[in-house]
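Two complexes are shown next, each including chain A; its partner changes from chain B in the first to chain C in the second.
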Partner chain A sequence: MSLLQSTQFRPDPSTSTTRRALLRAWPEFQNPAAWLVALILVIMPLIANGFFLIEIFATTLILGVIALSLMFLAGYGGMVSLMQLTIAGFAGYMVAVFGVSGNANISLGWPWWLATPMALALATLFGTLGGALAVRTEGIYTIMITLAIGAAFYYFTNQNWAIFNGHTGINTVATPHFWGVDWRTDIAFYYVTLGVAAICYFAVQYVSRAPFGLALQGVRDNPRRMAALGFNPNAHRIAAYAFAAFIAALGGVLQVWNYRQISPGSVSVGACIDVLIIAVVGGITRPIGPFIGALIFVLLRTFALDVLIKLGLDGNRFRLLIGLGFLAIVFWSSDGVIGLWERWRRRNASSTQRSGGGRHG
Partner chain B sequence: MDSVAHRLSAVGASAALELRGVTRLFGALAALTDVTITVRPGERRAVLGSNGAGKTTLFNCITGDFPPSSGTIRFFGEDITQFPPYERIRRGLRRTYQISALFPGLTVQDNVYLACRGVSRGRFSFLRPGQNDALMHATETLVQAVHLAGVKDRRVAELAHGQQRQLEIALALAGAPRFILFDEPAAGLSPTERRELIEILTSLPAHIGYIIIEHDMDVALRVVESVTMMHNGRIFKEGLPREIESDPEVQELYLGGGHE
Partner chain C sequence: MLKSSLGLIALSSLLLSGTAFAQEKIKVGVTATLEGTYTVLGEDGMRGHQTALNVLGKKIGDKELEFIVASTDATPDSAVRAVRKLIEQDKVQILLSPLSGDEGIAVKNFAKTHPELTFVNAASGAQETTYVDPAPNFFRYNMDGAQWQVGLGKYAYETKGYRKIATVGEDYSFIYTQVFGLVLEFCGAGGQVTNRQWVPLGTKDFASVIAALPDDVDAIYLGLGGADAVNFLNQYQQAGGKAHLMGGSIMIDQTILSSKGSAKNALIGTIAASGQADTWEDPGWQKFVKAYQDSFPESKRFPSPSLLATNYYGSTMALILALRQVNGDLSNNQAKLKDALAKIEIDAPNGKIKLDANRQAIGTNFVTEVVDDGKGALFSKVVKVIPNVNQTLGYDPAVFAKIGLPSRTVPECKKY
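Now for the complex of A and B:
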């Protein structure tokens, strides 16, 4: 076949270049379902009561943000980091340590607008240093190093009383209060988490198509070739850890505001692995995956107990359900729930095409 | 290094590529032994030799994919022996791979854009390129130069083999290359595609030199002005294409050896 033959594939002339570029850049803008979901999320306080707003949706968004940071590393960078929750927890601890809490002997009492940036900066630094260690390895060893960092941090918080207050943790952490609004009231806090989650989601989506994100995907696919194109693969990997750490830190700050306390239990190894499960169940190839995974996880965690008890089983077995679901999804779809959904849609599309004939894709 | 030798090598600064005593060991196996080559700027040279002669290892040492065990490599006078690959590439060295090393999950355009971005500023840019981005224009030009404009939005995994080879060349032409290493660019190409390849190679700007590894003599000897024969990791013979072609030792070793 001649190489020149291929030039006969012409793009559809009816769509202008600018419009095509826009749609390629922001695929969700042409998807009515995305608009519908966005609308529902915005008017959620009209539909849902305080319990659903915070315990289900705000919690989902927070866990989604933390899992999103893992999705960014794993999906675009090919680096599975188990320390993303640790970074989030570190940020949460720093909010409690630098800000105001019930433990006056530990907390420095800074106002939230000073404590929060400090927490974000320190957690990003923490994640970057951890990443600088982890990028020296690949695959299973990256997982082991980041898991070791997570485990070490968990035991450290348990044993350190001067800063982390040991196993009791830090309680009654103050939340922002300005412009006459208590931002921890249900509706206000829901909008804060929604805003942060939306910013993180679009930031990841945007960066994935920016030079940095493209180069990261190049490093994931073929680091040797990237070096032969002039890129420093490890520098890109470390920068990816820094970016992901910042996102995880945002999630961690929201989490400590949500629960108003933080203790070693929040950064346990089990919780670190939950983040991996959330990301994998949702799907790690696209930024929406972690949020879907988080919703499934939170719904199961909240309601599986009642369902199980109704069925006459031990309510604490909700993890068994999650585990089975995890197994099923990993078994049937390497791309989580999104992968299943897309396959189902493709099959539907192809069957309508077969029956309907000339439908244009 | 004594000062006389140092000054001598400084005199040789006009060479595009200068290898001195390059040896590469894999355990006890010497893939390259004491290879010394000097290539002028703009010179086009073929490296011939049977499988296992050390041709690709030579490329890997030059680009730094794995460094030489001993010896020095100079690129336009600069000692790059200890440089990581990306530092060499940023200085104008380029290479293609024998087995296409592309990014199958990305589109043709993204592949070429990455290559353009890799040798310019803003490798870490968080801002997407706009419509008037200079590198986007460079990308478009390059995609057209290798006849891939019609498939620029397709993922590389969907391309035919010949198109992937074309893309491999496009990646090596990104930015301002000064010297390119082509590792069997014609492998697996149809006769038509080979003609197009020869056209691309011969129409490169005169200041861009290259070394090409190629088994196909029709391609190799038509696009070069000098030939280096390698055998068992050593330089076996150097000369003009017709000298090498008619050399009885070479014929016995390589051309007459029933190879292809």
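Now for the complex of A and C:
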């Protein structure tokens, strides 16, 4: 259970104060399952070959990071932003534009250590500005504004040839190469991705329990009361957008390094909604949710066609299988896979020991 | 005793080697646009591929070909993802990919990261793919979009007497290449292209495009494909459009001509150019059409193969023939196969095809006119056949290089 830190603040009454403070901040340290998952992720290159390592696990981690930024906004801030993938794509485009690529007439050819921070900074700025627009609205209007930003960016990249190279996009984007290591070789890239995903995961978890995160959850639950207490709800929300934009930008940089190319298809409206699906399927109540959702999404996307053909059905209908899979998950659990698992744990706990029940508020 | 046991050993080793050979397979990955705007094109491409297998068989000496299909949606991202899946998960040794223009550019660039494998282009037709910085292991047996327009400009100017035209096209590399070919020839003959409109791939609502079409032109050139083309025709007809039309290679194609509804009737009499003509008399073409029709029940195919089916047929054919030449030998980073592919000259249904130094096809082009066969089905009737069309369209390579790469505004409307 404690692998999955809930968005709801939960004190644990059983330990000494310093230990309790530590455990409150990092509850996964006391859970053997978390250590096991971490161990498996670290030794993954020994288990999985290139395809599973990159196309499944690294891709899962990248999409998970992007969806994590949405989970942060939606879970802690109550703001469903559909532009997280757009921010990621913007960062990817900026890496391609400032860095080195096959389109010499567009790319400025900066080294990666200059181009990447520039891309992250610009994407964070872009996300913050988008957030500043969106915070004036709530609920469905936030969704609409952020979707509009995503759609506008998609059509802009599709038709702008001076910077974004239109529908063709930017090909052969250079990847970092330093300390004698080509960081785009499968194993090195996997570890880069894993490192970034871990940092983002712990950062989100830390922020969610830092004063800023608590205030943000307060803003989510009752903005008027928070304003009366002297907090500035809009400033908190914009800061949350900035933080989420930075995370999404990291995911975007990894994504462009992964495929070595970027084109409008990467930032299409469909892809924006994919990120929402990932977050919802995984569950937006805990930071681990987006990663679980991303794994399910990537597995379905990759193998649905093969499964249908194996079953002797028309492979052309594989999108249907993907849709049905998501429908099933959302139908049986409105808070995603995390919710399913939580309920299962709770049922187990209450049947074995009475005291285990009722923990979840 | 000794003799019989020797015989037994010999027999068993023969059997063993027999099974070992029978199991040796050459894995080929195929991609087609089975999603999105170009779904219909991808499906017919796969029919062409299947027809080639029915005609030529899957045996390469004592090895057998195994094909693994992956789907894309005409965006470069989806193509790279599909190709990577085929290589890394399915361990294919040869790629037959991709279908669409920008996919081709992305896959060509990707091919450079796998110099040991062989990539045979399935149907994509952007000029840049083989013209700019070509990959040594990427082979294209279909002509590019500009080559497919050869003859149309002159025919429109000289025979039809069109002097001023406007173009509407999808906003990506293949259509740029098509318009490039058209404009070079039409303006070279003395015509004028007054207006070029570009719409995003996958556009559903053409109202603003139709409203902006100029009235003072002799004809409107349409460079659309798949669902976009059908949507445009429907809305154009509803808006009462009556201009003369000219069509690109995937516009005047069975993927559109055999679509449901009456909107396609706006295309009767339209002139176009393409790498094929539905009613060509050539026996090789007729044989291919027959093989295509025999391979699928009538409800599951077009009356006659589309350009995509022909391209997939041609590329599959080139690959199988080259593999047979080298007896399926893929050793030494497939060097023998690549050599054979570069030199092979195939008798494709749409005329002889050979490759140039950039591994780009030199082939035959057709100027056509859409006719009704009297039973409601539309076909493209050949009006002119132009053999030996190369990638520089007959221009001196130095002059051709000066024109620039196809884009929204290149080439200018002038005589080069």
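Basically, the second predicted complex is superposed on the first by the 335 of 361 C-alpha atoms of A that agree within 3 Å, B and C clash if a C-alpha of one lies under 4 Å from a C-alpha of the other, contacts with A are read in each partner's own complex, and residues count from 1 in each chain.
Here, a contact is a pair of C-beta atoms (placed from the backbone, for glycine too) under 8 Å apart; a residue touches a chain by one contact, two chains touch by 3 or more.
What you see is a predicted model; the values in this text were computed from it and never measured.
Judged by the touch definition given at the top, the superposed model places A:P264 against chain C, while chain B stays out of reach.
Contacts of A:G169 after superposition on the shared chain: chain C is touched, whereas chain B is not. Look at A:Y206: by the touch rule set out above, it reaches chain B but stays clear of chain C.
In the overlay built on the shared chain, the residue A:G50 is in contact with chain C alone; chain B does not reach it. In the superposition on the C-alpha atoms of chain A, no part of chain A is touched by chain B in one complex and by chain C in the other. Taken in their complex, chain B has these residues touching chain A: 63-65, 84-86, 89-90, 94-95, 97, 101-106, 110, 113-115, 117-119, 122-129, 131, 147-151, 153-154, 160, 162-163, 166, 171, 174-175, 190, 192-193, 196. Listed in rising order, the residues of chain A touching chain C in the complex are 49-52, 54-55, 102, 155, 158-159, 161, 166-169, 171-172, 259-266, 268, 302, 305, 309, 315-316, 318-319.
Within the complex, the chain A residues that touch chain B are 1-4, 6-11, 17-18, 21, 24-25, 206-207, 209-212, 214-215, 217-218, 221-222, 224-232, 235-236, 239. Put simply, chain C touches chain A in their complex at residues 34-35, 39, 43, 69-71, 73, 75-78, 80-81, 84-85, 88-89, 102, 105-106, 109-110, 112-113, 133, 171-173, 198, 200-201, 407-408.
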